[in-house]
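The two complexes that follow have chain A in common; it is paired with chain B in the first and with chain C in the second.
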Partner chain A sequence: MAGLSVVEAEQTAVSAGAGLRVENVTHVFETGAESLMALNGVSLEVEAETFYGIVGPSGCGKSSLLLMMAGLLQPSEGRIAIGDETVSKPLPEDIGVVFQESSLLPWKTARENVEFPLYLRGVDRRVRERAALEMLELVGLGEFANRRPHELSGGMKQRVAIARGFCQNPDILLMDEPFAALDEQTRMTLGDELLHLWDRNKKTVVFVTHSLTEAVYLCDKVAVMSARPGEILDIVDIDLPRPRTYDMMATEKFGRLRARIWELIRRTQQK
Partner chain B sequence: MSAGADKANDGRPLWLAVVASPLTMRLACLGAILLFWELAPRMEWISPVMLSTLSSTVMIGFANIDVFLANLGVTLGSLLLALVIALGGGAVVGVLLGSIRPLRNTLLPIMSSIYAVPLVVVYPVFTAWVGIGVESKVLFGGLYGFFPMLLATAAGIRTVDSRYMLAARSMGATRVQVILHVMLPAALPSVISGVRIGSALTAIGVVVAEMMAATAGIGFLITQNRTMFNTAEVYFGVLLVVVLAGTIDWLVSVFERRAADWYPQKVRAI
Partner chain C sequence: MKNAGRLLAQLAIVAAMFLFWEMAVRTGLANARIVPPPSEVLPRAITMLGDPVVLHNLWITSAQVMLAFVLVAPIGVAIGLLLGESDYFGRAFKPFFFFVASVPKSVFLPVFILAFGIGFTQKVAFGMFQAIFVLVISAIAAAESVSPDYLKMARAYGASRRQIYVDIYLPAMLPVIVEGLRLGMIFNITGVLFAEMYVSRAGLGHLVSTWGMSFQMVNLFAGILLAASLSIAVNELLRWYENRVGAWRG
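And then the complex of A and B:
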């Protein structure tokens, strides 16, 4: 990927191949008179270049946790760290985010959206245009480079968002239910494409999803969270070989892992 | 006509598609209004003192075209200055009030209350302060359009989808970059509707100010002829104001089509 290597040359990331540590993070939202505890004493060790899943009932604080990992929200207690550095503000060269629904800027074309993170850090125009076009080619949208988001389908928009994340080229990519709004066939295809991209350009990925199949299929580890206030119930190792293939879904091991996660979630939902 | 051409539009016959097209309908409505304008005074459905016929209005107008154009020029000059105050001032103050929370919470409600007041009632006070020259109608027209522009801009800034800002910040956008590349473009559709309402109200403000107290301009000309019962001249003046308002609206839509083509037009409020 020539485009990415050009961008990499311009980059001076704090740490190469970084992992992410969540240390005893508690978060309380203060809204007027009320206060709401979203997370309670969450600790995670996300090793470099792992595909790390987070699942848990809706409202348990997954998105809030991701915002804190991105430096967009300060934890009430505890800290998030890359190596020795505490994440207290966005670090675009270390951490990127792909949001739940498309957060593409509607007035920009697909290419302009993908090159936006490079534009923001002052990368030369021709370099960033080439990098963006190459990224779009990789997600199969080369022909759609000059279309605006409203001219693209849901799946295409999420492809562009992922291309933007990879074009920003951080060590750590946080993804908050990136495929939630898509139909099952599209989300399975995009899951495969994401694994493919990740394989060619290894990053630490933190992937929030509510699909257990998706979690098992994509991830190396899956942290299962309790209902609000979110706590870590268990971390399930997904020791399936890579590259992952569809026939693995039919194996007994896949089923056992999925059932294990479901059992944890079922119990916390009954609570 | 072949059968194929007959069924050009959704299987409807071609003649029906043409007759029922929005453009045809619009032209037909306009034609009906003009026809009524000509016939009503002529047939004495309406007294010719109240309404002059279309033909006599246009003829009188062109007979005195130099007077009308000179006064139209005066109005246009005042209008341009007033638009700078209304649109420029409204945009700047709107961005400030929309993006700075303490200002927004304290001043924005006051601004919408002022917008609800019919400002015409304070015009006499206004002229006492600044006289009846060009300044007063420029200021008055500017003030008239300032509030809707301010409110639309502030609303546009305030309702920017927070996901866009989070995404931009996570990609490393500075505060200034967020304003330039996210807030302003996202607010553009709302700002344009502010331009649309704001410029229409500014034009009203200027003409009304001219009608109430001025020494030149289309509004002045209308009032002056009105007191002398020159009905045709009055209506020619009105016609010019209508053309002026239509031109402004057309310019805004041209600007809108170019500047905010990413914005689904169907959702447009006004």
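And then the complex of A and C:
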């Protein structure tokens, strides 16, 4: 991607193709007199350039875990590290984050939203505009660059958010249920587009979702978490070939992998 | 084209209202001694704009309104933002503001007369008093309207404290604050005019009140028309600005 290289040159990434390590992370919410354990001894090894899924029942702390990876929340115990560096604050040059659609700034146009991370870093106006426009072209929104979020559909907004995550070309992209608010058809299309982008511009992706099909379809590995306090039940290898295609969903292997994840979650819900 | 058509329809409605008013007086549906027809009121309102006495009083009222607004707007907005943003101050003082805001402010006018006498200062103070509550309450709403999602996103992308204020808080709050300023202005004008009508020696409210009590109905209605035009003009100006900074609200 020619547009990204301009930005890339100004970056001082920790290391090319960084992975992410979660080491024995525990998180306790202090709410007045009570304390609530959200995560208990979670360890993950997210290797560089893998597409890593995290699934689990609502309230299992998967979103908290993602916030910690983003440096927005501190673990009560344990640590999260990129290479040797502990993530103790946001590292915008290494880590991009895609939240739910509400995180687009409504007073900015699609282009201004995409270039916002670059703007915050003081990247030259022309450089960041070009990078943003190219990113919008890639997600098929070139002609909507000057529209504001209220003029875009849910799917388009999420494309803008993904473009924003990719635009500054971080090594790691954290995605917190990015398609949760979308209808199933849009969600499938966007999943495909995301894989396509990722294929051309490999990053370490951590993808939190509660859709099992989505997790199996997109990911290389899926960490399955239990209900509160969140613990890692198992890490399922998704050994389906890439590129992924829709007809894989109808295969027995796909069904087995999906069933395995569901079985893990179902068992903890019964407890 | 669509806008032009709508504007035409709206003008037609205004024209129809004046026509109905005229007809009602001429046919005796309305008592002509109490309600003069617009064919007398409108020309009078226009001649008033060339009358030095009316202009002088209009100027006094405008000066009071503007001074009160310039003084009260920053105070009201600052208090509101403080209460909206600070947990501690918010919890301590917000209820107080909401309680007092629900009391009709006019009952306090005699207190203002005792404290400030009758005149410029008292009317400015009363205009400020009328306006401050709506300013504070809308500034609280503005501060609370800033979605935590925007802040989370900005922080994840490394925004500094200054960038969060300038690039998130300010644009997010601006439309709500301008809306509050507009409402504050309406209350402010109400306060100043009411103070002038209650007891005073100058101003548009004083003129209108005198004309009413001395049964000068054409003058009275022309004065009402002037006061209405003034308020509408100020309100529309602020509303135009509000729409401009809030176009993104869709």
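Simple rule for what comes next: the second predicted complex is superposed on the first by the 269 of 271 C-alpha atoms of A that agree within 3 Å, B and C clash if a C-alpha of one lies under 4 Å from a C-alpha of the other, contacts with A are read in each partner's own complex, and residues count from 1 in each chain.
In the analysis below, a contact is a pair of C-beta atoms (placed from the backbone, for glycine too) under 8 Å apart; a residue touches a chain by one contact, two chains touch by 3 or more.
For clarity, every value in this text was computed on a predicted model and none was experimentally measured.
Asker: Taking chain A as the common reference for superposition, should the pair chain B and chain C be classed as clashing or as fitting?
Answerer: When both complexes are placed onto chain A, chain B and chain C end up clashing with one another.
Asker: For A:Pro90 in the superposed arrangement: first (chain B), second (chain C), both or neither?
Answerer: So A:Pro90 meets both chain B and chain C here.
Asker: So, A:Gly230: does it touch chain B (first), chain C (second), both, or neither?
Answerer: Once the two structures are laid over each other on A, A:Gly230 reaches no partner at all.
Asker: What is the contact status of A:Gly19 with respect to chain B (first) and chain C (second): first, second, both, or neither?
Answerer: neither
Asker: Of the two partner chains, chain B (first) and chain C (second), which one does A:Phe99 touch, if any: first, second, both, or neither?
Answerer: both
Asker: Figure out whether A:Ala70 sits in contact with chain B (first) or chain C (second), or with both, or with neither.
Answerer: A:Ala70: touches chain B and chain C.
Asker: Under the contact rule defined above, give the chain A residues that sit at the interface with chain B and also at the interface with chain C.
Answerer: Residues 67, 70-72, 90, 92-93, 95-97, 99, 103, 105-107, 116-117, 120-121, 148-150, 168 of chain A touch both chain B and chain C.
Asker: Enumerate the contact residues on chain C facing chain A in the complex.
Answerer: It comes out as residues 147, 149-150, 152-160, 163, 167-168, 171-172, 247-250.
Asker: In the complex formed with chain C, which residues of chain A make contact?
Answerer: 67, 70-72, 90-93, 95-97, 99-100, 102-103, 105-108, 116-117, 119-121, 148-151, 168
Asker: For the complex, give me every residue of chain A touching chain B.
Answerer: Those residues of chain A that touch chain B are 67, 70-72, 90, 92-93, 95-97, 99, 101, 103, 105-107, 116-117, 120-121, 148-150, 164, 168.
Asker: In their shared complex, at which residues does chain B touch chain A?
Answerer: Against chain A, the touching part of chain B is residues 161, 163-164, 166-173, 177, 181-182, 185-186, 188, 260, 262-264.
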